[in-house]
Every structure is written in C-alpha cells, then in structure tokens.
Amino acid sequence: MTDYKISAKGVQVYYGDNHAIKDVDVQIEDKTVTAFIGPSGCGKSTFLRTLNRMNDTIDICRVEGDIRIDGEDIYDPAVDPVQLRAKVGMVFQKPNPFPKSIYDNVAYGPKIHGLARNKSDLDEIVEKSLRKAALWNEAKDRLDAPGTGLSGGQQQRLCIARAIATAPEVLLMDEPCSALDPIATAQVEELIDELRQSYSVVIVTHSMQQAARVSQKTAFFHLGNLVEYGETDKIFTNPEDPRTESYISGRIG
Amino acid sequence: MTDYKISAKGVQVYYGDNHAIKDVDVQIEDKTVTAFIGPSGCGKSTFLRTLNRMNDTIDICRVEGDIRIDGEDIYDPAVDPVQLRAKVGMVFQKPNPFPKSIYDNVAYGPKIHGLARNKSDLDEIVEKSLRKAALWNEAKDRLDAPGTGLSGGQQQRLCIARAIATAPEVLLMDEPCSALDPIATAQVEELIDELRQSYSVVIVTHSMQQAARVSQKTAFFHLGNLVEYGETDKIFTNPEDPRTESYISGRIG
Amino acid sequence: MSTSKHGSLLTLDARTKKRNAAEKRFRAYGLGAIGIAVAALTMLLVSIIANGASSFRQTYISFPVTISAEEIEAAESALLKTGAYNKIIQTGLLAYLSERDLLQDTPEADAFGMISGEAGSTFRKFILANPQAAGTTFQLDLLANGRIDGYYKGRVTAETAVLDKNVTPLQLELADRLAADGALVKQFNFDFFTNPDASDQRPEAAGLGVAILGSLYMMAVVLCLALPIGVAASIYLEEFAKKNWITDIIEVNIANLAAVPSIVYGILGLAIFINFAEFNQSSPLVGGLVLTLMTLPTIIISTRASLKSIPPSIRDAALGVGASKMQSVFHHVLPLAAPGILTGTIIGLAQALGETAPLLLIGMVAFVKEYPAAYSDTAGLFGEAATALPVQVFNWTQRSDPAFVERASGAIITLLIFLLMMNALAIFLRKKFERRW
Amino acid sequence: MLPLSVPFIATAVLSVLGYVVARKRALSVAGGDIRTLTSLPHQHGLNTALSTLLPPLAVMMVWAIGARIAARSDVALVPENPTMVYIILIGLAVTGFVLSLLRISTSFRARTASEGWIMGLLIFASTIAVLTTVGIVLSMVSETLNFFGQYDFRDFFFSTTWSPNFRGDSDLGIIPLIWGTLYISFIALVFAVPVGLFAAVYLSEYAGPRLRSVAKPLIEILAGIPTIVYGLFALVTVGPLLRDYFAEPMGLGQSASSVMTAGLVMGIMLIPFVSSLSDDIINAVPQAMRDGSLGLGATKSETIRKVVVPAALPGIVGAVLLAASRAIGETMIVVLGAGAAARLSLNPFEAMTTVTVKIVSQLTGDTDFGSPETLVAFALGLTLFVITLGLNVMALFIVRRYREQYE
Amino acid sequence: ARDNVQIAGSSTVLPYASIVAEVFGENSDFPTPVVESGGSSAGLKRFCEGVGENTIDIANASRAIKDSELATCAENGVTDIVEVRIGYDGIVFASDIDGNDFAFTPSDWYMALAAEMPMDGAMVANTNMDWASVNGDFADQPIMAFIPGTKHGTREVFEEKVLLQGCEDTGAYDAMIEMGMSEDDAERACMAVRTDGLSVDIDGDYTETLARIEADSNGIGVFGLAFYENNTDKLQVATMNEVVPTTESIAAGDYPVSRPLYFYLKAAHVGVIPGLQEFAGFFVADELAGPDGPLSAYGLVSDPELSDTQAAVANLTTLGN
C-alpha cells in the first residue's frame, strides 16, 4: 500500500438522494499521470473533488469510504483540509479566476503558503508558472489587467498557472485543456509530463487521444461506477469490460 | 450579397485599448455550418459576440464596421438587440445555467417569446430541446432540480437545449462540446447537422476533427485577424496562408 | 512517505498551525462580533422589558355606584361635567368603604385620590351610553391612580411614599385592604393598546391606540411608495443608465441624501407638503411622505449594492436567449438581488418606524386624543391628525410623572413587536430568495 | 384644490379593464395561438394598461403642481373648472385605451411599447432623489441667506466657539460642531465597521442556516430600537462605566458624557447597517470564487479576506457609507451620550456635540424664530450637506479605484 | 375642512395645554384639540406663517412674543393676535434625595458658576471647585450643575434672575464697572457660565436632568416646579433666599425665580375653526387655571390677575389694542 500515492476504498458519494459515486476502489501511484475518462455526468469531477475534499463546500454532498493519501486517511478528523489542499492542488472544470489582476491570481497561492521570501521571488514564481501554463506570452504585458477579462482558454491556463504556482504534490486537473487550441494543449501536456517527474497527476479528459498521450494509468467511470482501471495501453487496446470497449470504440476521429 | 445570411465588413473590436478584432470581413451563408478556429485568445468568442451584439453588455467593448444579417445592419440604432438575439441564438463558452430548475432553464426562452400555446406545448418544447441536446435521459427524472447542480458537461448541454428551444435562425455556439464525451459530442454534432437543414450555425471549436466533421466553411483567426476563410475541405487540405498551414499541421493526434 | 515535502497530513506543520490559529482567531472574531451584537441587544431588550413589561397589566378598583336622573342633569349642566361625575364616584366610594369598614384611619381625600382622574370621564361616557342606568346601582371598574398602580408594580414603596407628595403610606395600606377585599385587581391592560394618549396627570389612562394607527398609516404610505420607487430608481441607475458624469452625480447625491439629518427632512416636508401642497398638518400622509423621502436613499443604496453583486453571466444568459434587458432584470437579476433589497427595506423601515425628529416639524409630535380615520371626506386619505409610536415614546419620556417611564418602555416593546411583525414577512421572503451558485 | 380622486379612480379602473381587454383581444387576433404574435398577450395587456394610466396620471401631477403654484402666485395658469379638467383627463385615458387597443395586431411590438412606459417610470423614480435634493436645498437656502444677512459668515465658518445666547450677540462658530460630528462618527464607525463586517462574514460563511436565520433578524432589531433607548443606555450605563473604569483612572477627565460613550453606543446601533447588508452581498459572491481559493489550499479566513470580501467590496462600501450617514444624522444618542456642549478637544472622554444635535436644538428651542440663534440651524444644515457631499465624492473615487468585478 | 383646534409650541406649556385639551374634549361637543410640542420658536414660526386651515390656531410660548416676530406675523397677514397669559412656571433647584441639602441665594450660584470673577481689579477664572468654598455653610461637595441649555427659555430666566442677581448681590457687578467695563459687558460677564465641565448644559428636558442626577449624585439640577412636585421621592428641593418653592410662595412673589407662560390665539380663525374660542375660554376658566384647578394641582402657578385674562379671551382683545 505504501507504493500508492492515493488509495481509495469503497468510496460512496451522495448528492442528497443522488448516489453519484458507487463503491469505488482505486489506487493512484506516485509519479504517474492517471486519466479519468467516462461519459459526461458519470462522476469524474465528483470523485476528483473527493480527493482533496473540495466537496466539503457542497452542503448536500456526503462522502463515505476510505481515502488515503500517503497512507493517511484524509477524512480523518485530525486532518486539516487546508493542508490537504495545499498538497493536493486542483484545476477546476469551469475556469474560475479571481476578480483580481492576473499577477495576483497567480501570486495568491504562493503568498498564502509563504513560498516566496520577497517580491522578486514572487515575480519569479509568477513568471515561471505562467510560462509553464503557456500563458506568459499573452499575459506578460497585462499582468495588472483583471484575470476575468481574459478569453476562455486564457482563463483556463491562468487557473493552471495558479494551481502549479503552489507546487502541490498531487495535481487534480478537471478537463484542463477543454478550451485550449492544439498548440496550447500540447504545451499543457508537456507540463503534465514534466510534473510527473516528481508528482502525481490526475487528469479528467474527454479526449481519448489526450488520455492515451499523457497518462500511464486510466480509469473508466460509468454511471458512478469505476468500471475499469489499469494501464492506459491496456485499456485502450484491450479493455476487459464490454462497457469500456464500447465507450472507447464509440469514439470519433 | 443577399445570398449571405451574415455579412461582416471591416469589423474592428476594441476592449479599451486592446484591439481584439482587426478589420475582419466575412460572409456567412445560410443553411451552412461555419467553424471558427484559431489559437486561444485570437478573438473567436469576441467576434462571435459581435454577431448578436452580446458585446453591448461589456462596458469597455467598442465595435466598428458593418455587420448585416439578412442585409440589415444590426448596429443600426433602429435595430432592437432583443429581436436580434431572439433571431441569433447563442451558446456561451462557459456554461451559464440560470439558478432555476432545469425545466425553467429551457422553458424560459419559449415563454418570453410566446412559442407555446399552453403548458403541454411547453412541456413538449422542453422535452424536444433536451432530447436534441442529448440531455433528456439524464434530466428527465430531475426536471425540477436546479440547473446549477448539474455536472459540467450536463450544464453545457442544458445551455444548448436552452438556446435551441427558442428556435433561432442563426445559432452561435462557442465551443459547445468542450466538456462533452465523444458520444455526447456525436449527438450534438448530429444536432448541428440537423439544424443546418433550415438554419445557419456558427461554431467555435478547438478540435480540427470536429471542424472538419461538421462544418462546410471554416474561418481561421489569428491574433485578431481573419487569416483565411473558405471551404472547410480546402482549408484543411490545402490552406493558402502559411499561418493556417502551420496551425493545422501543428495539430496533435 | 518521507518523500512528501508537505509532510504528514496528520501532523500540522508550523505554518499551517499558524494559519489555523489565524483561522480560529478570525472565526472567533466573527463569533465575537455576533456575540457583541447579541449581547448589546439582550442588554437593551432586558432593560426595556424590565421597565416596560408591567405596562401590560393595570390596576383597577371596582365598587358599586348609584346615580339619579337629577344628578345626571345637574352634572351635564356644569362647565366641568366630568368633575361633577367625579363627585358622585367619590360618594359611591365612600359608601362602599364605610359599608365594608375599609376606610379606617385613611383621610377621605386620600381615598378619593386613589382613583384616576380619568374616572369622571369613564363614568360620563358610561352614563351617556346607558341612560337607563339612572336611578340604579351598578358596579364601576375604574382605573387606580398611577401611584397606586405603581405600588403593585414595585415602583412605589412605603418608603418612597413618605417622600412622595402624590401618595401617602395610608393610601397604600388602604389599597392593600381593598385588594384583600377583592375590590382592587390587576388585570391585562387591553386599554394600553387601544386608548389614546392621556395628559400628564393621568399616566394610568395613557394608551397607544392613536400612535399605533398613525404608525400603521405611515408605514403603509412608506411601504407603498419607498419600496417601488427605491427599487425602480436603483434598477434604472444600475442597469440602464449610461455610466457617465450625470449618473455619478446622481449616485453621490443619493449617498449624500442618506447623510442628511432626519430633521432636515422635516424642514423639507413642512415646506413642500404642508406649505406648498397644503396637505393637512399632523397627518400620517405627510408623515409617511417625509419618511418615504428619508428612507429612499437607504433602499436605493442597498438595492444598488445587491444588483451590483449579481454576476454578469446571469444577465448574459438571459440576453442570449433573446430576453430584453428589462426582462433579464425583472426575471433574473431582481429575484437574485431580492435578499439584499429586502434587507435594505427592513433597515429603512425600521429607521422610519423609529424616527421622531422629522415628525417634530410637521406636527406629529403632539398630544392627539381622537382616533384618525384612514379616510374621511374632509381630510382625505390618511389626513387626520395622528401621532406615531416613536413620538409617543419621545413624549412619554419627557413627562414628569415616573409612571410614564413604564409606559414609554411598554410603547417601545410594542414598537419592536410591530417591527418584528413587519420584518417577519421580509425575512420569510428573503429566505425564499436566498441562494448560492 | 379640486379633488383628483374621481378621475384617478376612473383611469385606474379603465386601466385594469384595459389589461384584461387587451389580453383577450391579442389572443383573439392571434386566433388563440400566441405563437403568431410578436408580443405576448400579457405584454399587450400591460401596454394598454400603462397607455391608459400613465398619460392622465402625468397630466394630473403637472396640473396639481401647477394649480398650487397658481394659487400661491395669484395667476390663473390653469383652468379652475373641474369638469373641464375631468374631461381632459378622462379623454386622455380613453384615447390611450382606444389607441393601444387598435394597435393590437400580430406584428405589433407591445413588449417594446410597454417597456418604454416602464422605462419612463424607472426614470421618473430616479429623478425623485434628485428632486429631493433640490427641495432640501431650496427649503433651506433662503433662511440660510437670511442668517448670513444677520451674522458674518466668517465668524460662522472660522470661529472656534459655539455659544448661542438668548439676548443675541452669540458666538456661532461651526468648527467645534463639525469636529464633534466627525469625531463621534469616527468612533462609531471604528466600532461598528469591524464588528458588523465580522458578524456579516461569520453569518454568511461560517454560521449554519439555523444560526443565520435567527441571528440576522435579531441583529436587525438593533436598527429598529428607538434611539432614545440607546441614549438612555449611554447616559445611565455606558457613560458612568467609561468614566469610572477608563477616564478617571487614566486621568482623562470625569465626564460621564463623552465622545467615547456616544460613539460606542452609536456603534452598536450601526452594527446591523454594516452586517446585514454586507451579509447579503457576501452571500451573492459566486461559490466558484471560494472554490478557487480553497482549492489552492487557502484557509477559509484567507479566502474570505483575500477573495470574497474584495469581490463584495463595492456593496460593503455602500453599507459602510450608509452607516456613516446614519452616524452623522443621529441626534438622541449624542444628546444623552455626549452632551450638548460644543468643544474642540482631542480627548475622547470629554463631552462634545454634533451639528445635527444643534440643528435640532436650535430649531426646537424658545429663541426668537427670526434671530440668528434659530436661523443658524438652516446654515448648519446646509453646511453639513455640503461637507457630506464632499465626503461622498471622495468615497466614490476611492471605490472606483478598488473595485473588483467578477466574471 | 379642519374641525379640531391645532396648537403648537413650547414644551413647557405642553403639559398644561394637554391637560386642558383633554378635559375640553371630555366636557364639550368639540373634538379634542391637537397639541404639538416643538418649542416656542417653532410654534410661533408656524403661527406666523399665515392665516388658513393648514396653519395653527394657537401657539404656546414660555416667553412673550417678540416684536420682530410680530412683524413677521403681520407680513404674512396674521394681525389679530390675542395674548393669553395662563400663569407662571416656577424654577427650582433640586438635588439627589439622599444627598446634602442646600439653602441657596443667587450669590451662591453666581460664585459657583461664573466663568470669571473680578479679583483685585482683574477678571480671573473661577476657582471654586466645591460648594464649601462657595459658601462656608454648605457641605463639601464638588460642584456639578445641570442647567438648561441655551435653547431653553428657562436658561434666560436662570441667567437673569439668579446669576445676574447674584452678581449684583456679591458686588461683583460694581467691581466690574469700577474696572472700567461697560454696563453691557459687565452684564454679559455676570451671566457667562463656566465651561470647564462643572456646569453641564442640558439640551433635553427635565427627565434628562433627573437621569443625570441619578447617574451622578453630586449633581444639582434646575427643574420646573411641576416636574419636581411629581418626583419628590427622588429629589430634594433647595430653598432660595430661604423660601421653599411652592405654587403659593411663587404666586405670592416670595420665591424669586419664575416666569410667565402664554399662549397666542389667532383671532382670524375664531368662527372658522369650531371650538377655538371656547377652548381658549375653557383654558383660563377658574375651574382649570384657578388656584384650585387641575393646572395648579399639576404645578402651574396660578395668575393672580386671571380675571383680566378671562375678559381678554372673551372679548378677543388683540395685541396692540
């Protein structure tokens, strides 16, 4: 068990009466990219949010089961969700930049975590993060402009920059490239590959190609169930479950 | 000129000092699907919003040039933007359901436009729209649940359903499938094809495959310029401009 | 596991500890702030209730009285008719006291002094309403004098009675004998809510009837005018008006109106509504109009603030399906802004309901005994003289008889109940509209 | 003044009727199928109702005002004959009624038309605030000029003593009053703003729905307690307490009435002004903003301080301005809490007073009503008006600079 | 048309006017008059605004109407004004019931409250901090006086009949004249009250003064006689020149500090507003304003010349006639 970065056992999630995640077991390895795939509404985002307890903010959401990161039960009362989330960063499905300047958006995390000793440190972190998120060129002349005035794809990259600026150990990315053009997508995928060297990345994507390209492991969700989980190659070439099979083959292009 | 549903000439858009759209000329045909492609931040959404004057709502946004729909200048002071928007529907890049029930979200447009004679008419419209948007199966049991409690992809489909419920003549879709799985995407693409029989559809997409699949015409934007516009086949197989060429070939997967 | 640079989740690192401490402090500040507010409220309410709860009960003395037709005729021909009736009451009281042997060593004048000055008037009204009572003996329920009443509410004691010029210890003893005899009782004081004000000599008879009516009328005017006008103005300024220097001026102007001392609205009301428009002085209509003008800025400022806080995506969504700007505002933005609007309304109305100063200049800070009709042919809608609850509080706190302190607190309790009832609806609606997305 | 209630009721009834009839007619024009209409039946109804009601209403208003002006200036501007006026008004109503009904067709844009009327109403509503200001200035300006005719404006604006006198020959310097006003308001805000804001934050971000639904209305009661109660609270409880435990031990004086007393007690009254409104506005900040911050590992308080509150700032500033305004306009608490003596001092434990208090006391006193001692109230009012105007302009600019717009 | 009498003005007269209004309403067929407070100044101002239904019929005042006010009245067409003096208001000095008792003379008050006093040919600030240093007979109690604010008519009486009197009695006035001050300046100096916090102006009413004495038992306050009479269990009254203030001692002229109370009747409204003249007559009738009437019982010092007033009301004798 110590090999796994995250291990979830018998996870159930309910939104009120709606049973959104049904008895999911999954082990996520360190220094690996894991892709969550599955039809829209199957529970990918929901499960992702259980991993850093973001679902705590939804009143009607209830989680059962056992989720451990580095062997520690993250739903243990002793665990501070704040520390957890610093360790497990997240990029949300809908870009949600703060109504602040681009600079402040990225600098926010490092500031609250005290990652920069001084202003120039901070400047450096901001620049590096924006560069990695492939936004530096577009943003460098307007760091003081509000982040909410960016285009959809730019906002998405801003949120990626914001998330990596705090240097989390695990990065949860909910469709981080949905609004990005192929080139920007490639850059983000490069970033993911780079992050994998030291961290663990979980990415939700609807693009089979992307999943195949960036991930080593793939989990296929369907109607709240984890249908199949394994090596990406295997899932895409030789799935075990007929549902996986049909989902993958039903793909287009 | 009468052959064109929309014709834009010398369109310039500024956000404050930022020149976001530079002298764009484009003619969009009726009963055609036109795809706008281009790198993130190049002005696709901005241009799309000029077509139904949604940019009126952004204080700092300024539009110059001549845009005609069915030969009528839509920026003419005599034009009622409300009528225009009823005619030119829009699906926004970021899903923005009303904080109301799913049913009310879809029924809102038909209600204010008087498209239903009675409740059962309305029910029918709602069902048809949700079906077309491939959301009916997931939503039929929770029509009274708030639209904001849906998953990202579900919200996106809800917004599509909402837009088609008012039966616009032109439908502007800003990355309508970005959060959808391949199957749902296929369904939406089918819908677009169906709409094309009677209407004109403009779709922004980052997926070259999608553009190739659904559109007859493609416009490639770059840094605010319309670089190339023509038959989709031609653009994808034999682009004229080196920039188009490199953007298309730089594609991945 | 040791590879984790973030360390164990189960043990907090120093920085997290610090931040969590800050978090706790922040939370504590929040709780403390609520604590302060609630503590202050409790303190105020306790003191109001401690002072005023007793006003809801009142001491009455009841004994049989006989009156003949001639006596009635004689009384009705005097200048002070009520004075004559008083004499008859005194005879009746004396007869009762000697029959039950209660008077003992209390001087007769002291015994008479235990009955309220209101008694003559009560008696006269009774006789005029029941002329057939002439020549018969009937039981009269009369108000006890304020000091005697105070004795049963702890305000007056045997010790203070020695010093007090208006009551003697002998009276208190007699009162106790009367109580033992069942002639003196304390009962729920309905009259407090229905009686009009009474003069300084009769605190025991003073009630809130006129004030409640006046406040009711004024609030009707304020609610019917201030809320729609305020919301309409805010919608125009926030959603429709072009953002230019003119709207800037209007914005500053409205903020400035909020800072105008309320008495200045009284000056304005006197000039415009009474001197120019010639509405009736002292009328709830004018009062309501003045309070409307005074409340408007509060409602406008809070409404604009809430409209501002609605994210533009909602407006876009509505416009995108072809709703007009007006429709997007009325169908989507306004319902979402409703909680803030209602809060502004609650606060504005609370202020209007409790305001005295502007009423001073338009003649509503007054002694009014006649119930104002909502509509009359001569005075029009809400045109008859009235007071208001805060005015009654203000008046009563200025009176010399300490019994009015209790009445004033009772009036405040009534005012707060009034306010709570008015708020209940707003609070209910606010809960309905409240949502997060 | 002839009663306008008859034509008013007549037009109101006609207008309601118009709504019903127009709706019916629109439906019948559409042959029962509203899809053929460009505007909904109820929009046709609304248009007819408003076309019937509003023009006569506007004329009525203009006419009533005109009649009053005429009556005051003895010129016959308007006909005094009621029947003629009735005919004009009812004629207008009927014209609007008929015309709007005639216009009903499948292509008539009743929505635009009715929205035009509504827009007119909205604009009219916003002019009321402006008219109020004009009214306030007009109702005070002549008496103010009268005052400056009798009293040198230099003494008024620059003298540092305020001591009115029955026999005339008073010192009426505004400076100590303004100082007192600002000082007391400042202390009140220093107390009320943090407490109110923290309360708002707690209610909207931490409290459960139950606590919130109880605590919020409770706190709002504070705004409804008559200020005289606060005044007595200041006089009887807070004043002596501050004197015995702070002022005297610190050697700052032995006055129970003080700026501090009034400021604190006023602060209590102002809590709901800040807390309730801010709470609603903080609540309206989209959850996505909070999620974004929490997702980065921010604590709740960091999220609130750095993301939520800044996003809600324009509204919060509005709430604070409202509280400040209320502080400046308050009388009773100052009279009982801070006393009536005008004084220029830095010591918060000394008695001082405010402009508003003096406006009230000079207006309700026993002095000669034409003397400067009474008229000074108007000059005080107008000066205060100008000062707060300045402060508001400043506030506007500050808010502009720090405003953050989400989405 | 208005059918009730509308009255406004002095808050000192208000209690008496409302007592009369109440009894008038009970004993006549007219509606009870509406009595507003708001001060003599505001009352007279509205009185002088003009003739007509939306102006008041009667203004209460705790002082006589001023010539300048009469002029304004005349300008607005209010010419026929009947002045009615209803009696006198006694002004008393009272302190906490449990505290020391005092027997004052005007000189004591002057010594205690003067801002500056002549001393060896120069004006020096008042150094008396306690009553014992004012008068050896008094207890050693810090000076803390609650006197009416300058908006109150009572303040004028206090200044003229107590401070100025005391100033003359102590010889300070003569000393000032000797120092070369003009008579006006000397009078002003006599009536200037110290501002170092030992004397507190009360802009509110007597209940505030009482509350302040309850909060600070060293306080000595200035009250109306009627107010004191209703609160004898909390206050003890001080004598002035060894006379105890009562309605009798004031009516007899033994107690020096009192002032007349008035109301003004708009003759033009008589016959227009029903019950106006009847009310005025009722007010000054012996049954009400006489020495045994309810007004006197409440604390009004009955006017020895009441019959003249009654005649003036009956004949509507206007000012200037």
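For reference, chains read A, B, C, D and E in written order, and residue numbers begin at 1 within each chain.
Here is the rule we go by: a residue touches a chain if its C-beta (ideal position, glycine included) is under 8 Å from a C-beta of that chain, and two chains touch if they have at least 3 such contacts.
Per UniProt, the chains are A, B = Phosphate ABC transporter ATP-binding protein PstB; C = Phosphate transport system permease protein PstA; D = Phosphate transport system permease protein.
The shown structure was predicted, so the numbers you read here are calculated from the model rather than taken from an experiment.
Chains that count as touching both chain C and chain D, per the definition above, are A, B, E.
Ranking A-D and A-C by contacting C-beta pairs places A-D first. Each chain gets a centre from its C-alpha atoms; the one nearest the centre of all protein C-alpha atoms is D. The mean-CA centres of chain B and chain C are about 58 angstrom from one another, to the nearest whole unit. Distance between chain centres (mean CA atoms), chain C to chain E: 31 Å. For the pair chain A and chain B, the distance between C-alpha centroids works out to 28 Å.
Centroids of chain A and chain E (each the mean of its C-alpha atoms) stand 82 Å apart. Across the assembly, chain E contributes residues 11, 38, 42 that each touch 2 or more other chains.
Each of residues 82-84, 86-87, 94, 112-113 in chain A touches at least two other chains. Residue positions of chain C touching 2 or more other chains, listed in rising order: 19-20, 23, 270, 278, 312-313, 324, 336, 360-361, 397, 437. Under the touch rule stated earlier, the contacting chain pairs are A-B, A-C, A-D, B-C, B-D, C-D, C-E, D-E.
For chain A in complex with chain C, the touching residues are 2, 30, 69-72, 74, 76, 78-80, 82-84, 86-87, 112-114, 169.
If you check the complex, the residues on chain C that touch chain E are 79-83, 117, 120-121, 124, 156, 160-161, 163-166, 197-202, 270, 274-275, 278-282, 360-361, 363-370, 378-379, 385, 395, 397-402.
Against chain D, in their complex, chain A makes its touches with residues 52, 54, 57, 81-87, 89-90, 92, 94, 96-100, 108-109, 112-113, 146, 148, 159, 162-163, 166, 168.
By the touch criterion given at the top, residues 287-299, 302, 306-307, 310-311, 404-407 of chain D touch chain A in their complex. Contacts from chain B toward chain A in the complex involve residues 15, 18, 37-41, 43, 45-46, 93-95, 138, 142, 149-154, 156-157, 174-175, 178-186, 206-210, 213, 247, 250-253.
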